[in-house]
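Next up: the structures, one after another.
What follows is a pair of complexes built around subunit A, which joins subunit B in one and subunit C in the other.
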Partner chain A sequence: MENQVEIKTQRPRVTLRNLLPEWLWGFVRNPKAMLGTFILLSFVFIGLLAPDIAPLPERGGANRMVGRPHQAPDDEFWFGTTRQGQDVFKQVVHGTRTSLSVGFGAGTIIIILCIIVGITSGYMGGLVDELLSLLMNVFLVLPGLPLVIVISGWVDQPGPYTIGLVLAVTSWAYGARVLRSQTLVIRNSEFVAAARVAGEPSWRIVLFEILPNMISLVVSSWIGAVVFVILTEATLSFLGLGNPNAVSWGTSLYWAQNNQALLTRAWWTFVPPGLCIALVGFSLTLINYGIDEISNPRLRSGEGG
Partner chain B sequence: MSENIQPILETRGLTKHFFTGNALSRTVVKAVQDATLQVYPEKVVALVGESGSGKSTIVRMLAQLYKPTSGDIIFEGENIVKHTSRAALLRYRGKVQMIFQDPFASLNPVHKVSYCLQRPLRIHHKAPPGMASALHRQTIELLEQVSLIPAEDYIKKYPHQLSGGQRQRVAIARALAVEPKVILADEPVSMLDVSIRLGVLNLMDRLREMHGIGFLYVTHDLASARYFADEILVMYAGWIVEKAKSEELIQNPKHPYTQLLLSAVPDPSRGLRTAEIEIKGEIPNLANLGAGCPFAPRCSKVMEKCNTVMPPITTFDDGSWTRCYLFPNN
Partner chain C sequence: MRFLVRRFLFYLVAAYVAITLNFFLPRLMVGDPVQVMFSKFQGRMDPRAVESLKETFGFVDAPVHEQYFTYLKHLVKGDLGISLTNFPVPVSEVISGSLEWTLRLVGIATIFAFSIGMILGTIAAWRRGKFVDTLILPIASILAAFPYFWIAMLALYYLAHIQGWFPIGHGYNLRLKEDWGDRAYVSSVIEHGMLPMLTVVITALGGWMLGMRNNMINVLAEDYITLAQAKGLSDRRVMLVYAARNAILPSLTGFAMSLGFVIGGALIVEIVFAYPGMGFTLLNSVNGRDYPLMQGIFLMITLSVLAANFFADVIYVLLDPRAR
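And then the complex of A and B:
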């Protein structure tokens, strides 16, 4: 029996390993990355299917009063109701949509700004580098959070998407600096000189020689930015700096605190949104650890060296 | 050797100064000074010198990776320092190629061997556009030319799946892809295992003969220069101090520095040795070189004027020359 298995595996077969590129195979085999991906995909799934999981009434949406105030979880309201008689389950499910789309939307804007500014600055050098470095330094010393609070006050009850946009515009500088210094290192490597000798144009050197060598850095910066935006948006909404009528995890926490949920022991109004924020942050951080381990073999666990 | 053949690539008074430091303390590194050399078709000229003497800087200027501070680079009779359009640069790159010292750094880890070889083929239109099969066939041929056989096995590999010697052969194949007339080889075997150096040198020699390629072979190893090159240039602290045919230079070294180099290699007539140049005394700091001969502090025959002005070139009947006051200009 065992012999047969041996012979079988020796024949070239179509296996997952042969189909996937090497880095993706490393990702698939990394337990941290896989657990993180599983949790994250569950939330993405919930966010995408929110209208089917928790259909909303035509008027009032997730904020409509549908039950008695502060009902504990039961068969009808799985996560109970708020003091306003709103269905917490509906709010959390639709809040998933908001939080994830704000997080990934603003996180993606941040990483695109990082790539454009950081790599241009590092690759071009000279005056361009000096001007862009100045810009990066200005944005670095801008006190990000207070600025967001000020802008929030000025826009008057900004929705989660406005907060995301403000966060994106004010928080790209650190990542851009990291990518710039990495670009500086790679730009001076021999394979870039070799590409130039071969006659490659600059845009191809940037996109096909330099950028692919920074993929893990770009992906982990991107994930870091997504976590940052999700947590910060939730914080600002919780502090009441956002629009209190928006449906997001932060807003749910804001209302729970406003209605003194701790005193009234209405734990179901703050545990679900809080847990969601924690789980999404945890899953993204796990994925980042996984990427770190894959791209840095010294951290690789369980491979005997 | 060049009685009536024209050099294909030559430099005149090639100089490179690097400016480093900040606005407060600016230092000038005089990496290459007044370098004159010729590369002939189908011949090998070696550039020998200790680490830090400016060899790579010369090569990188010739590869148009660095802009010379002053001086001319003449390729096929045209001064290429003056022609700086993108089209002219691309034409030059189609004829002058380079092999780097470190095969672990000169191949991009994210690209397969096939990508490495097909990019120059595409850029320089060596394959008819849109003909994937022609491109594939040429890639196979290139790999076979550098003895990576069976070529089909190598084409899909990543650099990290290859040994140092195999990588350097891929790098040679990449240089070969554009059908170059000159190859600048910057210490192509110094990072390789001693046991495989000779194989790579012999490969380059075969390619030289097959395609009539002129080589500038950079090395810090006088014995391998003698083995591979027709002519040797000796470089010290940014200056080329002596040029002669290989045998002449080994048997009858003129410049005191060349003599020192030869004394460091016990017996060069015993064939290819890999002994590296032994450093006696200090290599001068290129950042604060005086006006005189940089070798003067180490020279046993130093004279007073050595410390004030660099000696001019003294040419001999056989075409060899040196920069030393021991050989007065007549």
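And then the complex of A and C:
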């Protein structure tokens, strides 16, 4: 009899909790991370389904004149029209693609550079570390935005993807430094020493011992880089340093500013694109706070210190 | 002292990198930099002036390393060339005209943002889960995810255009003459500076605050805080003298990273408000293809950031005896 009871309680119950690895379960239970993921996924879907949500005319795309200038939002044009009579809704929907792909593309390049430079520097130590650290610190202290503005001045109207590339090349220093210090901590831990004594080659130690142990830091640095790229690409396009014919949120805001939207009170030309940038940035930041709280429970708000 | 000497040498290296970047960027980016840089002004300028301007940027008939030394030689003499859009005003003069606006804006805004951020961060960490921690902190972090220029646009739209509480741009009433002895001019400068200042403070505040809160939380777990409380010291004293004083130090060392962002943000705010500082001038120089001015402004912004960082290091040494 007793045995039977034991067997019953031991039978694994199929719940979401058992299906997910522990870290993912923590993520799913974190309200901040979930809200962020929900907002972000909505934008990903809008970006993927853009041609279905807002079909484009064959000629002129999202920048084609379809209505009267500066029409307020109504049933036909949900977000109104620009001074050129373009449909703001179409521009915003299709701009989602640009912002997200530039952000995630350049953000990924940045994190790869960070991993290479940061881990090499932290793991190798010695002269290599000294030189790479100097390089990181110099790039950190040089003001990034003015540098990127000057570079886009020389490139002459770079498209959103070129801007993303420039940002990738100039903005890896912060993440690299964060990953370097974490590598230093892990390198001196016992399991790495054990692996070294066991004769594992360096590349194996880096790939299978060090990297998996800082995965949450890598992910949060990656998300931080994506936010940075999305905001900065929008900023540069807004300043008119990009290609003014591109369809992106920053470009929409550039035209709004250039067409005196503030003066003519055409708020619908600058509120929706800006709100989209802010929402995407906010969702990614929320996810990052969630990851932070999962890996460092002390930071949670609302739990008396 | 050794710490400061090391920092100073580091900033020298950083300055040298910036100067070198400035030299190589045009040579890397475009086919024929001389053509791009001067073609627009070829007919309108005295050929001799064009020649001497070329020399300033090292465009002489010589191998690259000699070009580089020519460029460095002019730079050491403080010769940044002539602004093409403001011809024949030297770049250094255009810059010194706009530098003071930016320094004033960023300087005052940073002092405000830093002090308010430190105070609110301290309170948020001390009273976990209370008003500041649960309400102001999320708002500050939401603002940090917003594009600066958009916040500036919204502020300009709502507070200046709709409500009419602030002037809608520029550094002062353009009908007045620039004269610091004139009371009307001074008050117009203050009036025009309020909204840009407010925007920079709001955008920079969140970062300082969040950093301070997290430092405080780490410090509060230290044994000496428990000891201080066990000794029966007042909460206020423990919070300010024992915890906050120590938690502020990492914020000062983080000054370097934040300042770069603050400067970037301030440049953008200037552009939205048509505020006559370095950011506004930089954008105008890029749009006007005024490459000498553009290069000069980049150098000046970089050098100012480095100087400000060194200043933060000095304060750090004064506050933290371990660094001496």
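Keep this in mind: the second predicted complex is superposed on the first by the 283 of 305 C-alpha atoms of A that agree within 3 Å, B and C clash if a C-alpha of one lies under 4 Å from a C-alpha of the other, contacts with A are read in each partner's own complex, and residues count from 1 in each chain.
Convention: a residue touches a chain if its C-beta (ideal position, glycine included) is under 8 Å from a C-beta of that chain, and two chains touch if they have at least 3 such contacts.
Just so it is clear, the structure is predicted and the values come from calculations on it, not from any experiment.
Novice: With both complexes overlaid on chain A, does A:L241 touch subunit B (first), subunit C (second), both or neither?
Specialist: second
Novice: In the superposed arrangement, does A:F270 touch subunit B (first), subunit C (second), both or neither?
Specialist: second
Novice: Quick check for you: in the superposed arrangement, does A:V227 touch first (subunit B), second (subunit C), both or neither?
Specialist: In the superposition, A:V227 contacts subunit C only.
Novice: Quick check for you: in the superposed arrangement, does A:V197 touch first (subunit B), second (subunit C), both or neither?
Specialist: Once the two structures are laid over each other on A, A:V197 reaches subunit B alone.
Novice: Have a look at where A:L217 lands relative to subunit B and subunit C in the superposition and call it first, second, both or neither.
Specialist: A:L217: touches no partner chain.
Novice: Mind telling me which of the two, subunit B or subunit C, contacts the most residues of subunit A?
Specialist: Looking at subunit A, the partner in contact with more of its residues is C.
Novice: Can A:V66 be said to touch subunit B (first), subunit C (second), both, or neither?
Specialist: Neither: A:V66 stays clear of subunit B and subunit C.
Novice: On the A-aligned overlay, A:I149 touches which partner chain: subunit B = first, subunit C = second, or both, or neither?
Specialist: Touch status of A:I149: second partner only.
Novice: Show me the residue ranges of subunit C that touch subunit A in the complex, using the header's touch definition.
Specialist: Contacts found on subunit C: 10-11, 13-14, 17-18, 21, 25-26, 29-30, 36, 125-126, 128-129, 133-134, 137, 141-142, 144-150, 153-154, 156-157, 161-162, 168, 214, 217-218, 220-221, 256-257, 260, 263-264, 267-268, 271-272, 282-283, 285-287, 291, 294-295, 297-298, 301-302, 305-306, 309.
Novice: Give the list of subunit A residues in touch with subunit B in this complex.
Specialist: By the definition above, subunit A touches subunit B via 189-191, 193-200, 209, 212-213.
Novice: In their complex, what parts of subunit B are in touch with subunit A?
Specialist: 60, 63, 65, 89-90, 93-94, 97-98, 100-102, 105-110, 119-120, 123-124, 171, 174, 178
Novice: Provide the residue numbers of subunit A that touch subunit C in the complex, in ascending order.
Specialist: Residues 134, 137-138, 140-147, 149-156, 174, 227, 231, 234-235, 238-241, 253, 257, 262-263, 265, 267, 270-271, 274, 277-278, 281-282, 284-285, 289, 298-299, 301-305 of subunit A touch subunit C in their complex.
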